[in-house]
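Next come two complexes, and both contain subunit A; in the first it sits with subunit B, in the second with subunit C.
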Partner chain A sequence: MGNYTFQWRQAFRALPQMLDGALVTMQIAILSMLIGVTIAVLLAVARNSKNRWISAPATAWVEVARNTPALFQIYMAHFGLGSFGIYLSPFTALLAGIAFNNAGYLCETFRGSLRAIPPTQTRAGLSLGMGPVKAFRLIVMPQMFRIAFLPTMNQMVWAILMTSLGVTVGMSTDLTGVTQDLNARTFRTFEFFALAAVIYYLITKAVMLGARAVAWRLFRY
Partner chain B sequence: MFETSLTLNDLMFMLKGAGVTLLITAFAVVGGTVMGLAFGVIRTQIKPWMAIPLTFLLDVFRSVPLLIQLILANAFQAIAGLGLSPFVTSCIVLSLYTSAYCTEIVRGAIEAVPMVTRRAARSLGMTWGQDMTQIVFPMALRVALPSWIGLTLGVMKDSALVMWLGIFELLKSSQTLITRLQEPMFILLVTGAIYFMLSFPIARLGGRLEKRWQEND
Partner chain C sequence: MIEIENVHKSFGALQVLKGINLTVDKGEVVSVIGGSGSGKSTLLTCINGLEPIQQGRILVDGTEVHAKSTDLNKLRRKIGIVFQQFNAFPHLTVMENVTLAPRKVKGMSKRDAEEIAVKQLSHVGLGDKLKVYPSRLSGGQQQRMAIARALAMSPDYILFDEVTSALDPQLVGEVLDTLKLLADDGMTMICVTHEMHFAREVSDRVAFFNKGVMEEIGSPKQIFESPQNEETQKFLSNVR
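Moving on to the complex of A and B:
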């Protein structure tokens, strides 16, 4: 270990600050998921449309979101939009980038879960006298929710991990941003980032365990 | 808007960056797959409670942001006085990161091979090694390959983060050009197009393989 003295106390003293950062991280992740799910549903409907003018842009969105790095998407929101005179703050750019990414991945999740439900069930519902909307709401949607829930929560974990990229566009209030700020002031890189890593680990574990508990409560047969 | 000062030389500079991206990806995927194969086989062989330390360790790589893993590894190698270059550090971190995901793929694929098939192989007098290489491997490969392709593409996209350690891969080169030419939108579009061209054809191939193999089942 050479002659390096670890200064853990310094890192622990900054813990309240970092936990505040963790709250901002969660805030961005949850917001990006809400926006992402909304857009993903619209994209899924649009992609299944028979009209090419509607399905093509949706397909383009999904393919770009899935085939370029998340960091690139955040750069696009932060630096790229500047060319059009739209200057987003790091927070908004990060949120826009992650939401764009989420929407692309979740669209495929939703489409997949929609496909997993046999069309015979909808037809059975229709033959019982339900309207198409009612059949979708009462028969298809509950099952879709069951299939899509855990992959969606997986995407939530991805969103949390992606928020760490904000620091590259100057974000300084989320967990990574706060940590980088402390690091720049003290040069205790290892201690601070190790603590941040532990916080990220605990957050993702808590989200995953919570999701499992909810899934068990709602979806067990 | 349609005029640009991006010269052919600058484009070559970006393509060189894309080469670095591919090189890091190749190292990470080769290293990660070898380790993932080993860990995956080990995990299916030993009892569940014995696998807990390995599972926990690999889970850490999937639950901590890659950017923080890179920063931590770089700080650690400096503290320990290993004197590794950022390139080597990134390759090691990305390999471990890949291996964590690869282990899950391998384990899932091995478990997808029905136990009765393996017992039948063993009862025909095959050794464990023969069973593994001649029965399990070909069957598990069909299950694993689509997700493995997805993982490879994921690692290629995630490798953009190594720019934080100062490595000139594709995204970092585009940053440099943006600083010099002040045309962020155009340069980022070119960057995105390069990433897209690297990733999209392989993603399509993976999707087609998955579909074709499912039909045969």
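Moving on to the complex of A and C:
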């Protein structure tokens, strides 16, 4: 420790490069959330199905996504599928792995939020002459949205942090990939990774503060 | 006119209604009294088709509620129901709670729906709470909002399911006053209630339910002053 001389200037000079990497990180995180939310809705519907041929695969997805390491899921998307002759680029594999993980967690978030709305709300809607679909859309869904919103944003933060695992499948353009590259060329490990950590921290903080602001604006009740 | 003919209803093995016969004419107020589990609340949810029945039939203006060909959504527009637990929509303001169904079910314009809502909400004494969310209302106010919400659909009938049972005693009066107002307006009402004074004062007829059977029905005077049925006598001597 005593003999190490910090060289921050070098790290700060690389900042634009790292911010470019951060953009790629955000791109993957956002895409993985869009895909994840879409699949999660389908999984939630499938898991609630009485037909076991429909519910069982959805349950399996959720079980694997939530009870195995995200690193394993990304590995499988890249090297695992590669064994079967399906080659995904690091970018696609990372995106697929995180989307897989997001879908599993969000499925349970959505199911939980549905269960939190008392069935009497639907009954009240029906008794006013709404059909089941209308009652769901106008009464149940908006309330579910509020319950699921912050946990979903939490998953967004988790997705941002998970992108750092891309480096293990050869991802070199995201924040961690760029940082690792700079590290390999300069051996300024501490400075570069410390700076990367600060950038991750600021991004996730910004996402959470933004989410709170949106929630405050949207959910006045 | 609501015609209930030999209605049997069970939840699994539990028989809740055992052959109920009752006809309610336009403009009539019928109160249903009886102990817990006597089937009186279930009867209401059968009338608007929220619950299926196993035997018998229910006709509302000649339409059989449980017939497969019946459009329940359409039928329910003319049968309002107010629940014990208010069932306010928490994500909507008082105004939105009341205008939702007129707009989305009847296809009314926002302006027309709001005009009706203001009228109904003022009627139940909530004219100054339009922009408020239900969580800011007391139980009695939420229940009055629920009544306004049902009225905004201009139903021909309203079913009241123990609407004062979940309220603090000091809030019961304001809700009962609202019901009286409606009765005076000539609304056709079936009120499941534990409020004997209300049943006595407001109803045209009072029905006593016991264990899924309608033991006795008659004018308030008859039921409260000279009940013929032994179970009715027992029940009334206990609640007094």
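A few remarks follow.
What we mean here is this: the second predicted complex is superposed on the first by the 220 of 221 C-alpha atoms of A that agree within 3 Å, B and C clash if a C-alpha of one lies under 4 Å from a C-alpha of the other, contacts with A are read in each partner's own complex, and residues count from 1 in each chain.
By definition in this document, a contact is a pair of C-beta atoms (placed from the backbone, for glycine too) under 8 Å apart; a residue touches a chain by one contact, two chains touch by 3 or more.
Since we're looking at a predicted model, the values are computed, not measured.
When both complexes are overlaid on chain A, the residue A:51 reaches neither subunit B nor subunit C.
In the superposed pair of complexes, A:143 makes contact with subunit C only, with no contact to subunit B.
By the touch criterion stated above, A:5 is placed in contact with neither subunit B nor subunit C. When the shared chain is aligned, subunit C comes close enough to touch A:220, but subunit B does not. With both structures placed on the common chain, the touch criterion links A:121 to subunit C but leaves subunit B unconnected. Once the two complexes are laid over each other on the shared chain, residue contacts for A:130 go to subunit C alone; subunit B is not touched.
Set against each other, subunit B and subunit C touch different numbers of residues in subunit A, with B touching more. In the three-chain superposition model, subunit A touches subunit B and subunit C at no common residue. On the side of subunit C, the complex with subunit A involves touching residues 48, 50, 72-74, 76-77, 79-81, 83, 85, 87, 89-92, 100-101, 104-106, 133-135, 149-150, 153.
Those residues of subunit A whose C-beta lies close enough to touch subunit C in the complex are 120-121, 123-124, 126-131, 134, 138-139, 142-143, 146, 219-221.
Contacts from subunit B toward subunit A in the complex involve residues 60, 63-69, 71-72, 74-76, 79-81, 153, 157-158, 160-161, 164, 171, 175, 178, 183-186, 188-189, 191-192, 195-196, 199-200, 203. On subunit A, the positions that touch subunit B within their shared complex are 1-2, 4, 63-64, 66-72, 75-76, 79-84, 157, 161-165, 167-168, 176, 179, 189-190, 193-194, 196-197, 200-201, 204-205.
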